[in-house]
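Labels A, B and C are assigned to the chains in the order they are written; within every chain, residues are numbered from 1.
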């Protein structure tokens, strides 16, 4: 624990005259935690970077790079089965699942943002928040595939509703909402209701109080909720397995391919490389926008 | 005192319109959620006491599913799963907390922070299979690591336990769930007002005391969220145990899947009911562990000023 | 802690009136999908001339459907799902896949519950010209004509593809002969030379294979490896657990890529695998890795095509039969055998087609090899894999016991 304590020195610590040895001794916990953090990031990124290199190698499954080729990208875009001599036609087998996954991810993100904004600020202040929170976190406590079966049994066999995109969307929301709610609660549970009281005293309408005070202050939480919603939906597999009727999302597609007697190398290596590059760019922009703005807004409101 | 209560009453009345809208949406949503989600999920408990023939359900209550579950080796499987998931949750927490603390309060370089945030987010976008499949070849007997070790002369025989072993499963989990632990902790620490920390220092508290008595309690929601974000998905992870363990270190998720693949819904429900019980026990332990700081219910409330 | 300062006014009371109001709104929203469904319900019939086919493996698609569309004048709309019997039966019997598909193909054996449930209907083979010329040995495969109902002998399905699975091994490294010389399955399960250097898989049919080996080598008394009793399955699992504890297996694999990776990375000397995995390794230059001819027999499997009961209401039999006939034609055989090494229902027509169209030598050789398999590997009469044995749940549970051990 003393290791951690070191970092608080950054806050308001007055400059002192220290010998070099003292300085190193003082700073090592901070450097230690930084080192550990980036070391784990290295463990995360080594396979991803190596995968990108292997995606242009001819023998990716052996783990050795070299003999550069673009055939996996070719196979991914045009399918692996076309016969020699035939004109290539874009085989859209990957694109339809990708589009469906993106669509579901956006819908899930929107639902998560709205739902957690509705529930998050009030939940910490109601009487039965413990049991209610437990109820909301319920989907986290059952293995995904079983939750999928239970919901399927309830809606299909109990209520006789046919599965479709609606149920797929519901499944993704059920999976993502607990995470989104927790992310929102981290922010909203320290929301100061006196701000609202003050605004009410100054004659602000409920809508203005909601829009001008709650929403800006809870923005990091709303953003986090949407982000978790999007990410969790984009990679969701177990809940989708039963809550769909013929619809194929990207994870479902990869899952089906993995059961086949042919190689899913083009999909895993080439597709993942493209998704990595796209997500690095998009995430960097999104984070720049979100975090840059957050600090300003909160500060402004606080000091106002 | 009377005046204060009167003022509170005034406020309450003024607040009524907004509150009722809030309560309205909360109770509506809660109703939907409990009827539409919680009831079906609890239904698996009932289901685990039934028997099926094909996909037809026989409505006689029985504990056959549980007997079979333990006959078919469910005990050691559950034990192994919890052991590995719990170990890795603790390790993730020990690694992630200092890093999140530095990221939230220590790191000054905006660009470095942005890049780190991006690096912590991108892994979420990638299919879990893509993130671990490379380890399989890198760690294999003829892979990069073994080749390097043999060349340097550290070992004379290829090291076999680098892959298809418990070590490999732990390694796979480390990278997979680190961001899920860092994010919520970071978020909760970032929201702590610097004034608190300065006040603590002004009052003469050592850095250690500030950490334990100010930062730690205020970041509890993040820590709890982080534990849930990593422990729970680890229990249900199908990819890491299968790809890194190579069938030598199986965990429950794969078993649940094969049971359902073989139309054995009842045993899958029984195994899930046990997991549900474990999760509830986990909540109790968490609650007990948090008692010194007011119990889990007060974790969120404790942040009020 | 500051929580002591939270006054009572911070709690919002969930009054009964509020709750009922919210609940009523909730009920309306709950009901909405049902109402909307009523409004938007339309007959989702097939477009004329389009065949919608549900398949349980992407591997059975002959590259693309261009030849099919050119030769039959029909359009093909394929949907692929996994072949786990539990998932497939749910899709067919609970999700009414028959409403959405004109032909379903599945791992043969899974059709039995579908026949019992009335989900599929018999096929009039007179309307499929290519049926008649099929070898008698294929016609006799139990999945196509199983006499479950009194009208025994009814044709329930037509073959799509089939193969006889065994294991791959490195003859030179092990000092063993190359095929067509036969080698024993003991190489996978019980051999000092392959100890810690062999691999089998996680699905229940790997247990059935081991049962076949135990039966064939006389080590255990087993009735039908394809349809074991729970006791038999557990005895086999005991044996496999004993072998696992003895360190026989390097890894227990799950996917095709797992198999290829284990072979290419030198992790195994013998591995139970699919034939395309061997082709993949050989393509990468591992000419010393071969697919065995096995002493004790093969796991023979088939994917069959079946017609959902709903087709009777839609009345597009003519188009369905046309499509089924194409799958038994030379073009399909000539596409699938070179691609995967699988055997179609009419390999003879495939060979004829290859000659007529002047396909390259490699393709022609693959088709000839597929045809030859019928006389050799398929002639071993021990074991036809069924996707849905009577005690499927118990057999999978026994397999899991081995995997989890």
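Methods note: a residue touches a chain if its C-beta (ideal position, glycine included) is under 8 Å from a C-beta of that chain, and two chains touch if they have at least 3 such contacts.
Predicted model, so just to flag it, every value in this text is computed and none were measured.
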| item | value |
| --- | --- |
| Touch-based graph of the chains, sorted into line, ring, star, complete or other | complete |
| Chain pair, A-C or B-C, that carries the greater number of C-beta contacts | B-C |
| Approximate Å spacing (C-alpha centroids) for the pair chain A, chain B | 14 |
| Inter-chain centre distance, chain B versus chain C - centres from mean C-alpha coordinates, in Å | 35 |
| Of all residues in chain A, the ones touching two or more other chains | 61-63, 122, 126, 258, 268 |
| In chain B, residues with contacts to at least two other chains | 11, 22-23, 25-26, 29-30, 36, 133, 136-137, 140, 142-143, 260, 265, 301, 304-305 |
| For chain C, residues that touch 2 or more chains besides their own | 10, 12, 14, 82, 87, 90, 94, 254, 257, 261, 265 |
| Touch list for chain C against partner chain B, complex | 1-3, 5-10, 12, 14-15, 18-19, 21-23, 25-27, 29-30, 82, 84-87, 89-90, 93-94, 113, 196, 202-204, 249-254, 257, 261, 265-267, 392-393, 395-401, 403-405 |
| Sites on chain A touched by chain B in the complex | 1-13, 29-30, 32-34, 36-37, 40-41, 43-45, 47-48, 50-51, 54, 61-64, 115, 118-119, 121-124, 126, 129-130, 132, 134-147, 149-151, 153-155, 158, 170, 174, 179, 182-183, 185-187, 189-190, 192, 196-197, 200-201, 206, 209-210, 220, 224, 227, 231-232, 234-235, 238, 250-251, 254, 258, 268-269, 271-272, 275-276, 279-280, 283-284, 287-288, 291 |
| Footprint of chain C on chain A - complex, ascending | 59, 61-63, 79, 81-84, 86, 89, 91, 122, 125-128, 152, 156-157, 161-163, 166, 193, 241-242, 245-246, 248, 255-265, 268 |
| Complex interface listing, chain B residues touching chain A | 11, 14-15, 17-18, 21-23, 25-26, 29-30, 33-34, 36-41, 43-44, 47, 95-99, 101-103, 105-106, 113-138, 140, 142-144, 171, 174-175, 178-179, 182-184, 187-188, 191, 194, 197-198, 201, 206-208, 210-212, 215, 218, 221-222, 225, 228-229, 232, 235-236, 238, 252-253, 256-257, 260, 265, 268-269, 271-272, 275-276, 279-280, 283, 296-297, 299-301, 303-305 |
| Residues of chain C defined as touching chain A within the complex | 10-14, 33-34, 37, 57-59, 61-64, 66, 79-83, 87, 90, 94-97, 100, 254-257, 260-261, 264-265, 274-277, 280, 284, 335, 339-340, 360 |
